[in-house]
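Each of the two complexes below includes chain A, the first together with chain B, the second together with chain C.
Then we have the complex of A and B:
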């Protein structure tokens, strides 16, 4: 792990963070492996969960770490998905890694551009601007149906084998393993970004933008940069979903998806990378199970759950687990 | 010319419906600083009650309107006591999530109780037919919506600017702690304003049911529209909400007439343009 000793970081704490990264990766890989063995017939769902995890991680970067309130984050996810899909279906760029790269670049561009608009507002106006941005993108994608397939969705995406060796099989094994690998890489990179001086600056902006500006740091530009990073992550998620499902629908670019991503983040816990992962896993898994029975019951349940989280566990499931763990340890010592 | 007048008439009706529903949201946001995304859900409840009263129970329209307002307020009061009161002064994100949660729950329950189909409200005969305006005929219920909008705007203006309650309300908006120190019962002012806001939402839901049809996803579909109106107009401003409703109603209706294939593209383009130029809304106060 390239955690350079930037400030006064000693070798000791370097080792500790590296060890922390190792255990975090091991935990994620272990859960992924367990899910693979337990639910071999549900790999498509698991891959979708990982794609959404990337979206929620990206949202965590701007909302949890930088304090930007947005209800339009699916814009970046959709930008990655459509860019990868259009390049594959219209220009014959079918190498999956190349598609992921295209998705990341498109997401980063979309992040940088939309942040210029979204960051102009604060509080309510920021929320409304982000909603307007995602709705605008949605309508544009709908109108440009020659490129995007409009409401029918973009089809005709046929990714070539991964590394030229592993075909994307019917059971979705290749897609699943690629998704897990991608998630692990992104997860480690984000852990480094979040604890870097840049990540700390973003947290400072979340706590008090005025003071950060008074200290001489560029608030607006820092947030645009964070938005571009977040865009790359969400774009990777979008590209992943395009590769795995071989279609891109308009719903990948909708207000509903954005709102759901925010709900997942809050259920898991904002400002923690694990929170994004746990929230997504819990949300999408239960959504899949309950809405198979009745989609409206699902809405009622998630509504009540959301109210409960806001009132009783404002730090999300991960935050609640952490404080429970701290209590248990405190009692033991 | 014909088209221009038609657009003008339709946007006026649509804008007034937006105004009647959104003004309540503007009041709660300006006064209590609560981003209440569940506002549309209360309008929906009002619509459901009116539909049930007119269709199932055969009550006349006027009584149904009153029943809708009363029932919706009765539903809202315990929610305010138990849930909203805890998020006054919380960060916007918390309020958004709590009220999205309430909206989801209301949608689910509404579907369970009333079913997923569209519900209509039986109109009295006077509101059913078209009315001849000279250049074209317009549906009477649209004229009724415009009239209700004007009455609501005027009534609210009188209430806020010309009554003792309005004085207390404005004092509580400007500086809640100071108003409290001077003997204004801010809690009571908040409760009354909240009830007023919800009542207006219910009224708007009933009056606008022909334009914004009542079904379980109503709360989600129009959630954004109402929020946008308030943000464009400036939270807490009656004139701002009126201006925003009319402008956005005009943009939306014009786009529907002239470029229907673009959907809501121009609506949101206008929103971005206005909010970027006026971050506090057209007539909002700067923070």
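Then we have the complex of A and C:
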């Protein structure tokens, strides 16, 4: 029980996590830079991918890390998109950073409020409740067309230049760079959150809520809090999409988007932040490429992709890469 | 300290006339029990006597049909399980409940942070908190879990999982501790570790332990309570219990049978 070994273990693992954070951010930034150079005419698509990544990261927080089953997660993305869009189009709040903040707050509120309903159920009933929530939200946005534009979508969003300097140009460069910056910040913050005592508590709830209660920790409140954090992340994604595309459609608040987000997460790997990023990139990229050629093929490819992942890489692409890496390292040493 | 459960003012935990039925079966039949500071009580009884159910009722996993539970003079019958733990009433589980993908180090650190009211923090890594790390490894070392501190709980031996269960409750610094067969599933050589850990518990802690191993019970307990068919049939010293004819009939006989079957 001498302090020496413990302290050296502490500093070593501490340095390792800091180094891990650095490489993780560097990897994301490098991939973003490479995509920018390789596909300079596809910046709008890349920005859309980043917005969806925020949605899928958010879903990973509640599903992958905390074990809540939901097929209604787009509710939070839509809340952020409509809030930012309505404030811009109806109240002239056009500063992009302010719009992002509005999206985050709206998403967090929507997360906290809808979680009060969704967390009432468990397993299948939880899934049904989440579908009910997204359906109600979708219908509400449709009915309140004076505010939301209904099925025509909300238009008239004209974000002012970023930092007062950079216009949102026709090629989508400003939007892309803002998106990458936002993603990096969110990514680092979430790495910190999932490692924190609170993050551990959420993982504990996923694995055994009875044990968490027997440790004296609140299960329900902890999950509501996680939902609020996840809502802020998804809301940022929604606001980003409103800024980049200058419209908000009902599809941002749909069951289909929610289900697709879950597919992306499973493809990439649940319970790991990289899984959310990789799954979204692969899914949306393929969707764009293949559906441009033939929409029918796209559905076939989703099917094949999903069956392949579930059969051969049950922990997702990132999980498969991790175990491959572990095998290679094990053989070397 | 007298063996009788008198002196209500001194009681840390007071259970009054607890009742629970499953279907028509009275699994807890008008059970009253007091624990005072420093008590070391063994709760024994044949399989299905209702021992685990009693713990579930006291700690709030189950709701009683009648009766009340008081901790430190406060009625906690309606309090949630986590609220009771915060007040110092901690239990262990007969069948291990752990976070399968977390390491022993993470388990104990999380329990310590929870006890300190810091488990809700969204920033900070326990590995960067020297005090938490030192205390975590002190508890792990006490239970010989230091060597596997970094392995996921589902990859360690069942006996070690049982020890981790004890490490967890120790980290919660209880006032009243209810241990449901802490040594069940632990290989004989390691029960020593559990006994050593129990000896290290603060002296003023009240402990109630369920166990079927009579040697262990007699070494540990200064008072023995026997439960049969949901009711308390004996409450007295270890020396008296083996002489009591009702206990012999209801329990020790069937206990011997269980042993020969196992």
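Just so we're on the same page, the second predicted complex is superposed on the first by the 324 of 333 C-alpha atoms of A that agree within 3 Å, B and C clash if a C-alpha of one lies under 4 Å from a C-alpha of the other, contacts with A are read in each partner's own complex, and residues count from 1 in each chain.
Basically, contacts are C-beta pairs under 8 Å (C-beta built on N, C-alpha and C of every residue); 3 or more make two chains touch, one makes a residue touch a chain.
Values in this document were obtained by computation on a predicted structure and should not be read as measured data.
Colleague: Return the chain, chain B or chain C, that is in touch with more residues of chain A.
Modeller: More residues of chain A are touched by B.
Colleague: Looking at A:305 after the superposition, I want to know if it touches chain B, chain C, both of them or none. Which is it: first, second, both, neither?
Modeller: first
Colleague: Which partner chains sit in contact with A:149 here, chain B, chain C, both or neither? Use first/second/both/neither.
Modeller: neither
Colleague: If we overlay the two complexes on their shared chain A, which of chain B and chain C does A:296 touch? Say first, second, both or neither.
Modeller: A:296: touches chain B, not chain C.
Colleague: For A:225 in the superposed arrangement: first (chain B), second (chain C), both or neither?
Modeller: So A:225 only meets chain C here.
Colleague: Based on the superposed arrangement, let me know which partner A:111 touches: chain B (first), chain C (second), both, or neither?
Modeller: After superposing on A, A:111 lies clear of both chain B and chain C.
Colleague: Now for A:269: first (chain B), second (chain C), both, or neither, which partner does it touch?
Modeller: So A:269 meets neither chain B nor chain C here.
Colleague: Regarding the shared-chain residue A:80, is it in contact with chain B (first), chain C (second), both, or neither?
Modeller: After superposing on A, A:80 lies clear of both chain B and chain C.
Colleague: Jot down the residues of chain A that show up as touching in both complexes, chain B in one and chain C in the other.
Modeller: Common interface on chain A, chain B vs chain C: nothing in common.
Colleague: What residues on chain C touch chain A, complex-wise?
Modeller: Against chain A, chain C makes touches at 59, 61, 80-86, 90-91, 93, 97-102, 106, 109-111, 113-115, 118-128, 130, 133-134, 137-138, 141, 168, 172.
Colleague: Which residues of chain B touch chain A in their complex?
Modeller: Interface residues on the chain B side: 29, 35, 83, 86-87, 92-94, 96-98, 100-109, 111-112, 116, 216, 220, 224, 227-228, 230-232, 235, 261-265, 268-269, 271-272, 275-276, 279-281, 287.
Colleague: In their complex, what parts of chain A are in touch with chain C?
Modeller: 1, 3, 6-7, 9-10, 13-14, 17, 192-193, 195-201, 203-204, 207-208, 210-219, 222, 225, 229
Colleague: Write out the stretch or stretches of chain A touching chain B in their complex.
Modeller: 63, 69, 71, 117, 120-125, 127-129, 131-133, 135-136, 139-140, 142-143, 255-256, 259, 262-263, 266, 270, 296-307, 309-311, 314
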